[in-house]
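First the structure, then my questions, so here it is.
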Amino acid sequence: MVIVMERKATEEQIERVTERLVADGCAVHRSTGVERTVLGVIGENVVDERDYELLDGVKEVLRITHPYKLSARAFKPEGTQVRVGEVEIGSNAVVVIAGPCSVENENQINAAAEGLHRIGTRIMRGGAFKPRSSPHSFQGLGEEGLRMLHECARRRGMYVASEITDHTLIPLFLEYSDILQVGARNMQNFNLLRELGKIRKPVLLKRGMSATIEELLLAADYIMTGGNHQIILCERGIRTFETYTRNTLDLSAIPVVKKLSHLPIIVDPSHATGRRDKVAPMARAAVAAGADGLIIEVHPDPDHALSDGAQSLRLEQFEQLMKELELISAAVGRRIDR
Amino acid sequence: MVIVMERKATEEQIERVTERLVADGCAVHRSTGVERTVLGVIGENVVDERDYELLDGVKEVLRITHPYKLSARAFKPEGTQVRVGEVEIGSNAVVVIAGPCSVENENQINAAAEGLHRIGTRIMRGGAFKPRSSPHSFQGLGEEGLRMLHECARRRGMYVASEITDHTLIPLFLEYSDILQVGARNMQNFNLLRELGKIRKPVLLKRGMSATIEELLLAADYIMTGGNHQIILCERGIRTFETYTRNTLDLSAIPVVKKLSHLPIIVDPSHATGRRDKVAPMARAAVAAGADGLIIEVHPDPDHALSDGAQSLRLEQFEQLMKELELISAAVGRRIDR
Amino acid sequence: MVIVMERKATEEQIERVTERLVADGCAVHRSTGVERTVLGVIGENVVDERDYELLDGVKEVLRITHPYKLSARAFKPEGTQVRVGEVEIGSNAVVVIAGPCSVENENQINAAAEGLHRIGTRIMRGGAFKPRSSPHSFQGLGEEGLRMLHECARRRGMYVASEITDHTLIPLFLEYSDILQVGARNMQNFNLLRELGKIRKPVLLKRGMSATIEELLLAADYIMTGGNHQIILCERGIRTFETYTRNTLDLSAIPVVKKLSHLPIIVDPSHATGRRDKVAPMARAAVAAGADGLIIEVHPDPDHALSDGAQSLRLEQFEQLMKELELISAAVGRRIDR
Amino acid sequence: MVIVMERKATEEQIERVTERLVADGCAVHRSTGVERTVLGVIGENVVDERDYELLDGVKEVLRITHPYKLSARAFKPEGTQVRVGEVEIGSNAVVVIAGPCSVENENQINAAAEGLHRIGTRIMRGGAFKPRSSPHSFQGLGEEGLRMLHECARRRGMYVASEITDHTLIPLFLEYSDILQVGARNMQNFNLLRELGKIRKPVLLKRGMSATIEELLLAADYIMTGGNHQIILCERGIRTFETYTRNTLDLSAIPVVKKLSHLPIIVDPSHATGRRDKVAPMARAAVAAGADGLIIEVHPDPDHALSDGAQSLRLEQFEQLMKELELISAAVGRRIDR
């Protein structure tokens, strides 16, 4: 933390700031210039910089250390690979997780699994507990749905990723899901994050609709503090004033996260755009920008999907997209994991 | 829902859209103009309008009913009053809830309660379970803190408002808190909302940092669907590009909510601005704009607060503000509840 | 500027940064800690801090001086009053500028002037050159409209405020307008700002729809650099994700600007909300928050207005509002200028 | 336009709305349902829908036609190619415009031109009239700079793109620039747009920092109304709450614009990200998403650039990027124009 004093700050004011810093357990390095005094502060982790901004004679307080620690690149400069069975996310291979928005019934999930497996998918997604904005919408099949998904995927050698909405569901997910997905609305559900820190399974952490990249990394820190370091970050669009797309996919988050953190980052083009015909261009763009993977909604019959059919690809569209992604991956020196 | 067809839409395309609507359980009213055909749709509550946007020949799909029902003004045109003991929120009297950000210890909470009571506060706030962005920050005293708050407030005849962060805590809060506060980060924690719908105590529902007013009303609907209609809405600032204030307090939400909904709305100027010296002007502005109440952070010794001291008023500042608010209330034909 | 070096920065890297700073004309104050080295930089006004962020070994670069100079509070701690004839903006009196969106014809502007004068308005607004988002909308009466407005206002002893959209129009406005208004879309039209710096008449500078407060003050600096210090700032809403109001009125900008700058600030509740029934609550809130004035759209017959009728008050609504504003002004220790 | 009446709207209210519509020159198609009446309106181009929202008995007014006309895809379904000499923007070839932020002096611009030409650049950019946020920053060399740029580029057979900031400069730009660039801050400088409509040279129109896609297309309409249909749209980042990048590059605007409009769209990754190391990933992503071209800042010696050096690529970095873009272009079935 650096505290910049006003030009006209008195010696007394500077001393009062210094004393408070020392009382707060910080070390202070004072540098007096012709124009103004600047205080360099060490050990300010538990201090709220705004407290100092309000003291007399203080012009500005600047934070110089990032608040996230465990997710920072410095913590593991070589980068993290998250293992899901034999699949490795964060390696040279780009991993595509695919499947329907919701598990709807045996037939649907079977048809989806069949098609996805044929196209080469290794991790299948599907929602059983659905957080919906309206209480009147379809809320998911719950435990039964999760079991169905697990069974259909496993039978074909695929892994499972599904969204967990409450910490009391962790035992169930440990049994039936290989990746525990935290949705955008739960990115700051700290009770859930804390409990996920205690398990030893990969967590897919989606960026909140209005979360800064720093807040995303802090949320990862919450989980990592408990000892679970198997975290996959996910960009899924942020809320802006533009209304033609559901959210604005922030692809520049990819190179930014790559620099700030050692954790792998994937992209969800389905939720970001909300429209089927925008999914493929954004999926290609994400891989071109350096994403470690994608999570895409694919449905065997989107016209009759119970949720988010409008943003789900048909199986044949997904197959076509996978071919395009192979070309893009090669162009950036990577390959698609199949 | 209104479906506008393309100028060049074929008869076949129009029929296909109509058939699908009927299959989805909707009634369709077709009106054929010289230029284009428009389909008026009734009974579209469970339909995702995006599904129709993707059909051939469709130009645009317009939603004409709001998705929230129970919180809509039409549901109770005369307006809702929420009763907390003898205090009524949503009446002519403007209610000011005040207290420290966190319950820190016996001395602090006692000093706060003493001062607040003297100034005329009738509902005291205080956090025991704190949702903090960083896992390394003070996380609150938990159950012990909530009990302390309850005891200190009750002894002086004040009611208690405290934030609940998890549905498993509901029994505890039913015992010790008169208002159960849902924080901005939990506005779309649907498990929590659903459980709060089952109790019969007032819920203070804060608008999420990036939630639209419509989403706020939908969140209220989640609670009301369970039968609990005692809901107080709270504007506390939205996230924008401006960085001089922590959030941008959206005071125009007050007249908007007043028109759209029958629920009372209060304002939290402390979290919105994040700075003590901005709290009083925004509190005055909120009352001038028609707010039914305020929730303000007040601390007996903000310089040593364990959280958010920078945005907490000192007791004497709060006393001064209450005098100003009395004048403003009178100017808009209301009074301050004391 | 403060440059924070990486923990592992080499002596060579530190020297290279220092050399470049010196070459850029800056003075450097080095402070070496146990953990890291921090360089305090003086005289960095012409330097782009991002250049230094990219140098090897640099962790972060922090700007410690604000880029605006002339509009900063420090430049004139006692505050600026802008004089328009006998009216003083920035004094204890709250000044209300009112009038129709556009000058439409002799009858309309006469009726408006008549009514406004009767209610006690001292500065009348009216647009003659209209910047419209669509090329097909009414674009204003131009020079003729400006003259009409001037004549109608002067005849009743009122002053005139009108929007200037191009620097080539300055001579015309010098003759017919007492306040030259710069619209939100032109806040960064630097050619216009520069030319307005050369005149000696009050300029009303509206905040751009997505301009930060810092950019607003920099725009004021553009004008002041030319020697014209008679500037009135105006908050008129910023663009956010919320769609129920046209823009989100950022009333916290009032106390923020009051602290950062010596210039007076007024508020435009008409453009911010875009709806007649939201204008009065927001006008009251602005005065309660400490605004030095308001600019409000009032039309003798809004139902037949050629532009923005939906956000214009009727004369009788304006009269009622003025009464309410008198009460609010008194509550904050000010009065309404009439 | 569709006007949805309240359930309880009286026959009288419906008639009053209808009468006003007819008086406004619209045709009305009434459809009375069991629940409510809906009025379909034709010919509403000059009507402000908000006027109708405020009438008694009206629940909602929905716009069903987009306000832009000439830039709409329907106006020219096959797509527009903009010709700059022999270069065609909007064809199968992806066009990369490159050059320094500002023309600084003979040596710099010569070195830039030399390097760019060697790498295969066909259109060179360079700013002579610089719109800078601060009045104290370098403002460009003006006319002399434009001439220098023109001479250096032409000598090597390259075309010129440069930013025009004021309509009075049009004659100068007609002589020395092949593409007239309108910067983000001038996207709604309607005087400038109107005058550019009268010329017959390509205009590169950048999306404003907080402009919706609809507003961008309306700005294009302003120019096209004058008869100049040679317009290239440019996405350059929008303002959001995220601060790690200067702006958030909205790549989903590419497929959206492709659907809504017939005009070509290119991307400026340099201004969007503001950091050199983010330019290449975003450039690759733009091409993968379907952009018709790029405009990139390249400087022979960015460390000593007078403006925006931090976001400028070195010549060798640009050369490397061009190779990567060739691979990406091929992967999406296009080629890089060289």
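Each chain carries a letter (A, B, C and D) given by its place in the written order, and its residues are counted from 1.
In the analysis below, contacts are C-beta pairs under 8 Å (C-beta built on N, C-alpha and C of every residue); 3 or more make two chains touch, one makes a residue touch a chain.
Small disclaimer: the values here were computed from a predicted structure and weren't measured.
Note on connectivity: the fewest chain-to-chain touch steps from subunit A to subunit D number 1. Between the interfaces B-C and C-D, more contacting C-beta pairs are found at B-C.
Across the assembly, the mean Cα position most removed from that of subunit D is the one of B. Per-chain Cα centroids separate subunit B from subunit D by 39 Å. Separating the centre of subunit B from that of subunit C, both taken as means of CA atoms, is a distance of 31 Å.
Put simply, the C-alpha centre of subunit C and that of subunit D have 26 angstrom between them.
In subunit B, 210, 239-241, 243, 277 are the positions where the chain touches two or more neighbouring chains simultaneously.
Subunit D meets subunit C in the complex at residues 20, 45-46, 48, 50-51, 53-54, 67-69, 131-137, 165-168, 185-186, 188-191, 194, 208-210, 215, 218, 221-222, 225, 239, 274-277, 303, 307-311.
By the touch criterion stated above, subunit A contacts subunit D in their complex at residues 210, 212-214, 238, 240-245, 248-256, 259-260, 272-273, 277-278, 281-282, 284-290, 324, 327-328, 330-332. Remark: subunit A residues 2, 4, 7, 29, 31, 33-35, 38, 40, 42, 59-60, 62, 64, 74, 239-241, 243 touch subunit C in the complex.
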